[in-house]
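Chain IDs A, B and C follow the sequence of writing; residue 1 opens each chain.
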Amino acid sequence: MIHVGLWLPLLAGLLLFVVPSLGRTFAIASAAVSLAIGVVLFAGYGGQGVAYASQTPFLPEVGVYYAVGLDGAGLLLWIAVSLVVLLGVWVAEVPVRFLALALMMQTGLLGIFAAQDLIFFYAFFEATLIPALFMLWFYGGADRLRAIYIFALFTLVGSLPMLAAIFAVRYLGGAESFLYTDLVAHPLTGQAAALAFLGFLIALAVKTPLFPLHAWLPSFHQQNHPSGLADAMGTLYKVGVFALFKWAIPLMPEGFREWQGLLLFLAAFGALYAAWLAFSVTDWKTLLAYAGISHMGIAALGLFSGNMEGTVGALYLLGASMVYGSAMFLFVGLVYKRTGSLDILPVRGLARHTPALYVLGMFILMAMIGLPGLSGFPGELMALLGAYRVTPWLTFLAFLAVIAAAAYALTAFQKLFQENAQAQAVPDLDAREWGFATVTVGVLLLMGLYPKLFTVYLEPLGKALAALFGGAS
Amino acid sequence: MIWLVASALLFSIGAYGALTRRTAILVFLSIELMLNAAALSLISFSKLTGSLDAQVVVLFIIAIAAAEVAVGLGLIVAIFRRRETTSVDELRQLRG
Amino acid sequence: MQETLLLPLIIALPLLGFVILGLFGKRIGEPTAGWLASLLVLGSFLLGLFVLLQGGGKWTLSEWLPGIPFSLNLDNLSGVMLMVVAGVGFLIHVWAIGYMHGDPGYSRFFSYFNLFIAAMLVLILGDSLPVVFIGWEGVGLASYLLIGFWYQERVNADSARKAFIVNRIGDLGFLLAMGLLWSMFGTLSISELVEKVEAGGYSFTTLTLAGFFLLIGAIGKSAQVPLMVWLPDAMAGPTPVSALIHAATMVTAGVYLLVRHAFMLHDDAFLSGLIVAIGLLTAFYGALCSLGQWDIKRIVAYTTLSQLGFMFVAVGVGAYWVAIFHIVTHAFFKALMFMASGSVIHALGGEQDVRKMGGMRKYLPATHLHGLIATFASGGLVPLAGFWSKDAILAYSFEYGPWLWFLMLVASVLAALYSIRWYVVVFWGDYRGKEHPHESPPVMLWPNHILSVGALGVGFIGLPYVIDYKNFIEPFLTKAIGDFPHEKLPVLTEWVLILTSAVVAIAALAWGFRFFQQKMPAWYERFQAAALQGFYADALYNTLLVNPAKGLAELLFGGDRGLLAGFAGLGNLMGGLGSLLARLETGSLRFYLAGLLVALVLLVGWGVMR
């Protein structure tokens, strides 16, 4: 089952790319099947450890295995990714080949969460980049070449130190293979660990994104297709927090300890910095880019605090932000469809004609700024509780972002929907968009009101991570 | 031992030729000389150590050299047809 | 205290109304939508009453988040609050049926109104702090939506946004309090915190800090100095909103939160002193500002500020049950005052400037009566509701220090003055406008009748001990808040205090009644000009905080582009190095060959040397 779920999107994507006449329905069907598989896997999960594990020798001589499996965090993110892909291909107004690229990218993302072998993880991690680049290249805006240049520069250059560090972990640590279980049993120590962790960190900070390696993200979002599908996929690609949690920290706990102070500071500072800065941004995509950086700063802060609450919060916030972040980009795509522009400044007064769109936007926006009862809050709260135990002052700094977030989000929202009584008439949601709205709002509420659904599975993971540092740090 | 000296000589002649000749054909010839010098040295080492491995490699080299001649000469002929020259000093378009 | 599913049901009823009216409101239309919303709130009220009469109840969903249950708790304290919120809330709902008549957003209004009630009930009933926080921000959201209800006017949208952002400052305090309490005690459930705080074994200073964070939250929600700036602007919303949210219920949530955490505050002299100072400042600030306003709703809004200051002082001096008692009486008379104002606005077709009112007692006899009762209750006339609760605050203040009693007495003189000013400029004199005032329909009058009865009589549940040795509300509430024994004042002192405040209130009301009918003297005009601007608090904040923050945002945005340029420059540097290397690609075959041979010689040489 897990193999089908993993590879189906790639096959479907390739097929759709070659035979575009299959159309959007085919893409939706594929995404729906993926999501269904994800839900079935989730329903069958026992609650402990890595489930659905399977491994086949791939290059046994050098210790590479095709090994996949899912733990609680992997399942949460698997479902989040599948859901967003489904929503994206359902609602975004894009050419069919674009959908195909999105499906191909899905396999890469699922692989990142499912891989239990470091080399395969790296392969998925890098391969995911290819469809993302293609989306930007084929369907991007006028200034896309520069955006591609910057995107590729950050991601590719960033990944090389990680590749080096991967081999360091295996050979200096003395593991038999690249399997997760093997590597964890032989963690690196001492100076080597600190250096190797830095190697991982550079690659993963780009994808978190963590200040100051976030700089590629705004131009990436600005230049992508206005439908928001590529941006949504880009949001899913922010797997840095997960990879740090799954690989970098357990493999090199001592290395992490070397950098912990700096990392906590960067995460907290980035959270506030991006939120504050977003206040003077004048277009939606840049705004959302910075908002995402700010949320990931909070998630990273939770993770870096190295205790149970912080870890659970970070992972939950990651999953939640994949959903609301992507939904926000798709929502902005719907706005673009109606107004033909993504600038914030003109006073549009849309709400008068599009009450349903207004309500949808309100829900996603409120989830985004962490309103309790919606999906952003449980993660933020747990991250706060975890981080506060480690570093109260930095937590205070980071959570000043809560105020800044309200300021930038509501200001932009007001410009888009309110103020203007003489707004031009535009159509409200059509049937397809209603489907998108219903599912999105439902998921936001579910994740906000009943976090227990996932946190019971995240809790043991958080405890395991905290145990690396003697329970509580 | 003497064969090793011969091989070194042959290589030097080839190197000299490859560096000084202008015509692509002659450069090509000189390169063939160097290749065979390498093969010769392999054979002599094989004789010194009594192992047959190197001789097998040389057989491969001969086979590859044959193929290489075909491809290389073909290229030179094609270039001559197009550019009416085979002087390596004039053929320097392949730069970054 | 048994587990009961009724608690989530109490919350679910108005929530259901929010969903139904939000989805199908247009089809339901008026007045059905309004009645549906009202009846659901009444249902919550009755259910709450039922559970309260059974001695309370609780409901828990364990491990909602790791280590944090989703727990609700209805004890006497939250029960009293629930009675106020759902009871007064129901009356205001009914009143709004008439007030909102003909508004294009009729059902949307009631949908938001029900959302507010649901969130407020979560806030009140929540037992673990994150649950309280859900309600806490939920009411903030509802308040945002309702202040900006007529969002097509920029002013309204701006006011709504301002309220939300200022409230978020307080919310940050709440969040930090949760972080600190969690790191201290490993639990966020209030009932467990009570035990752990009593058990001891922690740093007292840290607990003070936690209390301080909670206080910041309370300051934001209850619009105390220095976060008071949002409340006057919040009057941009429809009048029922001002009555329900910004007078009777939501703004008292901060006081409720502090009372809930009385166990952390009661023997902390620093925090108590701070709360008293803040409350005192707010009481004076609100009162003075109110005396200078021309907008009828802003007059009442500032009086609310002042009364909230009274409640804070009550909390600060340790009179927790009195604070709640004052919330109850205040809910009645302030809601009445707002709704009387609303009836006047309604009668004048939306006019809010008191300079174009006057003489309403001839046109609107019933509303005039309501206004009179509200004025007397708010001004502290014996024996109306406001008198008893205010008197209790004064008595406790005297225990805290006679100087505080004196200041509070001055504040209550101001309270009497602003109440009577409101009454005089609206109902006396001659009508100065051009409309044709008409009395409100019964659906708006009946809620006011009921509230009037409350404003007249609800004070008798909390008489001073010299009159009624065991009044009803004190033992009832202390069961939930915790009993913090204090020296009762001697009988004689108590009587002197009661008589002083009664006489002073009557004198102030009488003097104000005459004074505000005359032409204003010049010194009053000067004072009025400053008070009208809220003593320039907004301008001060804009200069000191808002504009620098915006400027910094611009600066950071520029800086961030610089950062990207820096990284791109790094890329270009690498590219430059590459193009240096590319020079080696001459295209000359001979050059390449020479290079090859040199490399060969070097390699062989290196091998030989080794």
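Going forward, a residue touches a chain if its C-beta (ideal position, glycine included) is under 8 Å from a C-beta of that chain, and two chains touch if they have at least 3 such contacts.
Small disclaimer: the values here were computed from a predicted structure and weren't measured.
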Between A-C and B-C, the pair joined by more C-beta contacts: A-C
Distance-to-centre winner among chains (Cα means, whole assembly as reference): A
Whole-Å gap separating subunit A and subunit B, where each centre is the average of the chain's CA atoms: 56
Cα-centroid distance, subunit B relative to subunit C, in whole angstrom: 91
Distance between chain centroids, defined by C-alpha means - subunit A, subunit C (Å): 36
Subunit A contact footprint on subunit C (complex, rising order): 22, 61, 63-67, 130, 133-134, 136-138, 141, 144, 148, 151-154, 157-158, 161, 164-165, 168-169, 171-172, 175-176, 178-180, 182-183, 549-550, 552-554, 556-557, 560, 563-564, 566-568, 571
Touching residues (chain side subunit B, partner subunit C) in the complex: 15, 18-19, 27, 88-89, 91-96
Sites on subunit A touched by subunit C in the complex: 149-150, 153-154, 212, 215-216, 218-219, 273, 276-281, 308-309, 312, 349, 351-352, 359, 366, 371-373, 377-378, 381-382, 384-385, 387-389, 392, 395-396, 399-400, 402-403, 406-407, 410-411, 414, 417-421, 450-452, 455-456, 458-459, 462
Residues of subunit C that touch subunit B when the two form their complex: 582, 585-590, 593-594, 597
